[in-house]
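Next come the structures, one after another.
Next, two complexes with subunit A in common: one pairs it with subunit B, the other with subunit C.
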Partner chain A sequence: MSLVLQTVADGLVLGGIYALAAVGFSLIFGVMHVINLSHGVLVLIGAYLALVLSNSLGVDPLLVLPLVMIVLFGMGYCYQRFLIQRTISGPPLASMLLTFGIALMLQNAMIWVFSPDMKNITPSYAFDSFKIAGLTFDAVRVSALAASLVLLSCLALLLKFSHLGRLIRATAQQTLAAQLCGVNVRHVYALTFAVSAAFAGAAGIVIGVILPFSPADESLWTLNAFVVVVLGGVGSPAGALLGGLLLGVVNTLTAQYVGPSFPNVTMFLMLVLLLLVRPHGLLGNAFSASR
Partner chain B sequence: MKRSPLSIALLAAICIAVLAAGPFLLPPFYVRVGQLMLYSAGLGLAWSILGGFAGYASFGHAAFIGVGAFTAGLVENSAAGLGPLWLLPLGLIAGGGACAVLSAVVAYPILRLRGTFFAIAMLGVSHVCAELTNNVDFFQGSLGLNFPPIAPASADPADFFYWLYLAAGLVVLFIAWWIRHSRFGAGLLSIREDEDTARMLGVPTERYKRLAFVTSAVLTGLLGVIYAHSLGYITTDSVYRDDTNLSLIVYSLLGGMGTLFGPVIGAFLLVFVTQVILARLLDFHLFATGLLLVLLVLAAPGGVVGVVRSLRRRRDKLAGAE
Partner chain C sequence: MRRREVLRGAGWSAAVLAAPAIRSARAQAAKPLVIGGSVPLTGAAAETGLNVNNGYLTAASYLNDVLGGVEIAGEKYKIELKLFDDASDPARATTLIQRQIDDGTNFFLGSFGSNIVLPTAAITERAKKPMVQTGGGSDAIFTRGFKYVFGMYPRATRQFTSAAALFKTLKPAPETYSVIYNNDAFSKTAGEGVKLACDGQGFKRIETYELPTKVTDVSSVLASVRAKTPDMLICVVHDQDSLLIARQMAATNTNVKLLFQGLGPQLASFREALGKYSEGLFCSTYWDESVPYKDKFFGGAKKFAEYYRSKFTRPIAYHTAGAAACIETYVLAMQAAKSTKPEAVRDALAAADFETFYAHIKFTPEGDGDALLLGGMIGQVQKGKLETVFPDAARSASPIYPLLPWDKKA
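Now for the complex of A and B:
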């Protein structure tokens, strides 16, 4: 019994991190219907930036989070404004292939700069753990989960209450109407992408703290993000959280009870099943008509 | 611009003769490159029946290469007593049959999805097939499968497979041409343009989509069987490849999405660029492929055929103005 509970608890912790890694992907998909296949690369750039910064400044990796988010915010804005914007009016495949091409280029660049080896960010409390009600929790994992929950709530509040959040939601609901009301749609798109990239970078730090990473992982994080978004529903932090937790629990349960090499099989079977039963994801659509 | 059927037939015959003479004229390395070009062109065409004509871009056609190859391998190994002449037909039937069954079953749920959802769900199918092949001992995916040699003793295996790929490519080209000019093909194009309107106007969209999916899958599987034979030994990783999944889209995109010769031109060009020009730059390979994709999407979204067509249209307009 305690093994089941421990597995579920591990899954929930992992799921919180999946959710953070997916929320930016979800936002872009919901607002501009772009499948950002370079999302995993943005996550890894966050992880590598945190590695470099926390080593050179000698501080805890979670403390450089704002800095990394600011850098990726700027990168994301330029990326959308100068590259992806050109493909938005074209067929959906165009933006998908563009982002895939960028992902390949950046992956190769990361191999040149950081080598293809596995890297790890190790904070001082890496090996601490504590027990609650008979279940063991690693200090790193719990602090990572806490960071991701805080960030997800921040994003939800931003979308719900801030001026930028209203602009983003309005553009997603009715692009033309928003434009008629004086919204600079291109600017809003670029800002949305910037927010998404910033959250991808934050997710990268959290991931870097608990798991080893290498440039080849980018496709894994893109795929995870896609699955989480399809499971939970497009465009909302709550959907991403639900999808992430579900994916985390299913992954750990499969690895524990079916076999360590089967999580991907169950993940995709679940994905296809869900697409058939509830094509809009468990929480439906937050603020935009689906295609 | 209409040409007479006779001149088209003559042109086609000359092209086929030039291609068939390849092994006699080319050094061995280029025979290999030629093999890969013909194989890729065949795959691109098979993909295009669904992705180009019907607009259902699949991101997971490597699933059918893998299923075809592994089924053929397992069947041929259990029938090892037969002569080499019988092994390839047997493998083709088994591999094609397995792909037909798999695609017909998968088609029901997966063709209800559209656009990017369909593309990614197919990627999922490909990954699931690959992991099952790798992890279930019966398929020997992680161990690897040996294929009996099938090339006749009188011919160099490289030349033999070159001609085999050429023949297979021509068959696929013929099928694609026939579909493109049939009522079925017109139905597929109408699905690509507007599926809901097509259904409203009485096009049996579900049946057409399923048929196109199965045709595309079986042809891909047959090419996979030949590919496995030309490798001689396969593992999961050598047939279920994500770069194949991607390349199939890129061929059509590079040549011209939805056109008959687009995937062929695209495959020839891309294989030449990656195998001959970039062969010495292994460190830059990913980067160069990515850059090519980006430039392609931004600069020539209609592909080679699209560029040629717009040039021709401009010329015709100039001629009309005079």
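Now for the complex of A and C:
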């Protein structure tokens, strides 16, 4: 019994991190209908920035989170405004090709700057653990989960109660109506992308703290985000959290009881089943009510 | 006096400026010896790919610039490398190799990773062009009847023989083991090799864990290791996964008496990331600066390492030395064959019995490295440094066993 509980607990911890890594992808898809294939690169940029900043400032990597989010916010805004915006009115393939190309370029830029070698962020508590009711918890993973939950809650509050959140939701639900009401849609799109990039950067820090990373990993985080969004539903932090937790628990349960090489099999099986049965994901499209 | 100094300075400058012209005149006298290939400079295998690439460049640069070229059958040749980035992608690598064959390249160096070496070797084999490589150890490369492919290591299932022999000498004797490997061409066959070698030495296998190729979490595997704890945990996974396993083991205080990680602890970055927790980890290593071999080009391992450091700041790795030895082996085979014809060079490679700074080069009839002469040494991290603990002839320190529990290393 304790092995089952341990496996579920490990899965929930992992799932929280998947959720944070996917929420930015979900938001962009929900608001702009852009499948951002450079999402994984933004995650890794966050990890590399955290590595550089925490080493040079000599502080805990989670403390540089606001700084990294600000930098990624700015990058995301410019990226959308000057590049992605040009493809918004075109076919969906245009934005996919653009973001794929950008991902390739940025991956090579990261190799050029940081080398292809694996990097690792090692906080002082990297090797600590604690026990609750006989279950062992890895301190660094639990702190990463806590950071994920806090950030997802902040995003949910931002979307629900802030002026920016209302603008984003209005633009996503009825772009033309929002435009007629005086909303600067281009600016809102850019802000949405900026917020998403900032959250991708934050996820990068959390991932960098728990996993070794290298530029080649970007596709993994894009793919995981895609699966989480399809499972949970588009456009909401709650959907990302549900999809992430589900993916994490399924991953660890499969690894434990079917075999460690099978999580991908069950993950994609779930993806196919859900696409057949409930194509909008478990929580549906958060912004689709008035469409 | 000042005028004389000015004139002297001008004379030196003229000499320095003229030097490239002189060198270029000499280069024109030497024939080009084109060796093609692909290496992963980007993508998942880029970290070791870069080490392999640097080895190729170091050997070519030394033979061309320091020795002024190599003499084969009375003619002077300069090595001309045509290496392209395959981005760790087998499909791209095969396209690159096919194009080079179409362009008339006769000799090839290998990429890194069995998943790339295997399909590219099939192409060079079909064209009857030799390939000497240091990046593919999977049995599949050496059990398909290829005649033109040569590897600097024994095939994967034979690579663990020396480690199992070391484990047998440890006191108190370990009795049980579990093995972890990835689901890919190299790692899977290496896992089979671990089982063959350890079962052969009489160790009892507790569990076999097969991980996917990309791993983000091993907590369920470690929960199982804690539930059914072996004396030895043997991980033949890639370096990034080795680090993840070691980190999660330390964090969850999952203790075994011996942790062997085939790839990982050889890298300085790996040891830095783990800090004091890397203490006592065992790994395979195929070369070290202290190996006693001599060769006619570099002189010895230390001189190779010195020359490498004069060219690159990246820490030297055994893949770097193995890659440089591929080029030396080609040259030695061509000198023995007194020819640069692919068929003659292939026969000379098959009959190779050369000493290089890397090792004594001898291949099995199937083309992989001789299990004794090119077999692995076993390293252990001791006081942050990688020491050779096996075989006795190359030993720089005695093995430490059993390992301290993780919480005692803190």
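Heads up, the rule we're going with is that the second predicted complex is superposed on the first by the 288 of 291 C-alpha atoms of A that agree within 3 Å, B and C clash if a C-alpha of one lies under 4 Å from a C-alpha of the other, contacts with A are read in each partner's own complex, and residues count from 1 in each chain.
In this section, a residue touches a chain if its C-beta (ideal position, glycine included) is under 8 Å from a C-beta of that chain, and two chains touch if they have at least 3 such contacts.
Only a predicted model underlies this, so the values are computations on that prediction, with no experimental measurement involved.
Enquirer: Kindly classify A:59 by the partners it touches after superposition: subunit B alone (first), subunit C alone (second), both, or neither?
Expert: So A:59 meets neither subunit B nor subunit C here.
Enquirer: With both complexes overlaid on chain A, does A:157 touch subunit B (first), subunit C (second), both or neither?
Expert: Once the two structures are laid over each other on A, A:157 reaches no partner at all.
Enquirer: Applying the document's definition of touch, where does A:108 land relative to subunit B and subunit C: first, second, both, or neither?
Expert: both
Enquirer: First (subunit B), second (subunit C), both or neither: which does A:146 touch?
Expert: In the superposed model, A:146 contacts neither subunit B nor subunit C.
Enquirer: Tell me which partner A:226 touches in the superposition: subunit B (first), subunit C (second), both or neither.
Expert: Once the two structures are laid over each other on A, A:226 reaches subunit B alone.
Enquirer: Does subunit B (first) or subunit C (second) touch A:259, or do both, or does neither?
Expert: A:259 sits against subunit B and subunit C alike.
Enquirer: Between subunit B (first) and subunit C (second), which does A:78 come into contact with in this model arrangement: first, second, both, or neither?
Expert: In the superposed model, A:78 contacts neither subunit B nor subunit C.
Enquirer: Applying the touch criterion given at the start, work out whether A:70 contacts subunit B, subunit C, both or neither, answering first, second, both or neither.
Expert: Touch partners of A:70: none, neither subunit B nor subunit C.
Enquirer: Is A:271 contacted by the first partner subunit B, the second partner subunit C, both or neither?
Expert: first
Enquirer: Once the complexes are superposed, what residues of subunit A are shared between the subunit B interface and the subunit C interface?
Expert: After superposing on chain A, subunit A residues 107-108, 111, 259, 261-262, 264 contact both subunit B and subunit C.
Enquirer: Applying the document's contact rule, which stretches of subunit A touch subunit C when the two form their complex?
Expert: Within the complex, subunit A contacts subunit C at residues 3, 6-7, 10, 13-14, 107-108, 111, 115-120, 122, 126-129, 136, 138-141, 211-212, 214-217, 220, 224, 251-253, 255-256, 259-264.
Enquirer: Quick check on the complex: what are the subunit A residues that touch subunit B?
Expert: Interface residues on the subunit A side: 35, 83, 86-87, 90, 92-94, 96-98, 100-109, 111-112, 219, 223, 226, 230, 259, 261-262, 264-265, 268-269, 271-272, 275-276, 279, 291.
Enquirer: How about subunit C: which of its residues touch subunit A in the complex?
Expert: Touch residues, subunit C against subunit A: 41-44, 46-47, 49-50, 88, 183, 209-212, 214, 216-221, 223-224, 226-227, 239-240, 243-244, 247-248, 250-253, 267, 269-270, 273, 275, 277, 406, 410.
Enquirer: Which of the residues in subunit B come into contact with subunit A in the complex?
Expert: My answer: residues 57, 109-110, 112-117, 119-121, 123-125, 127-128, 131-132, 134-135, 242, 246, 249-250, 253, 283-287, 289-294, 296-298, 301.
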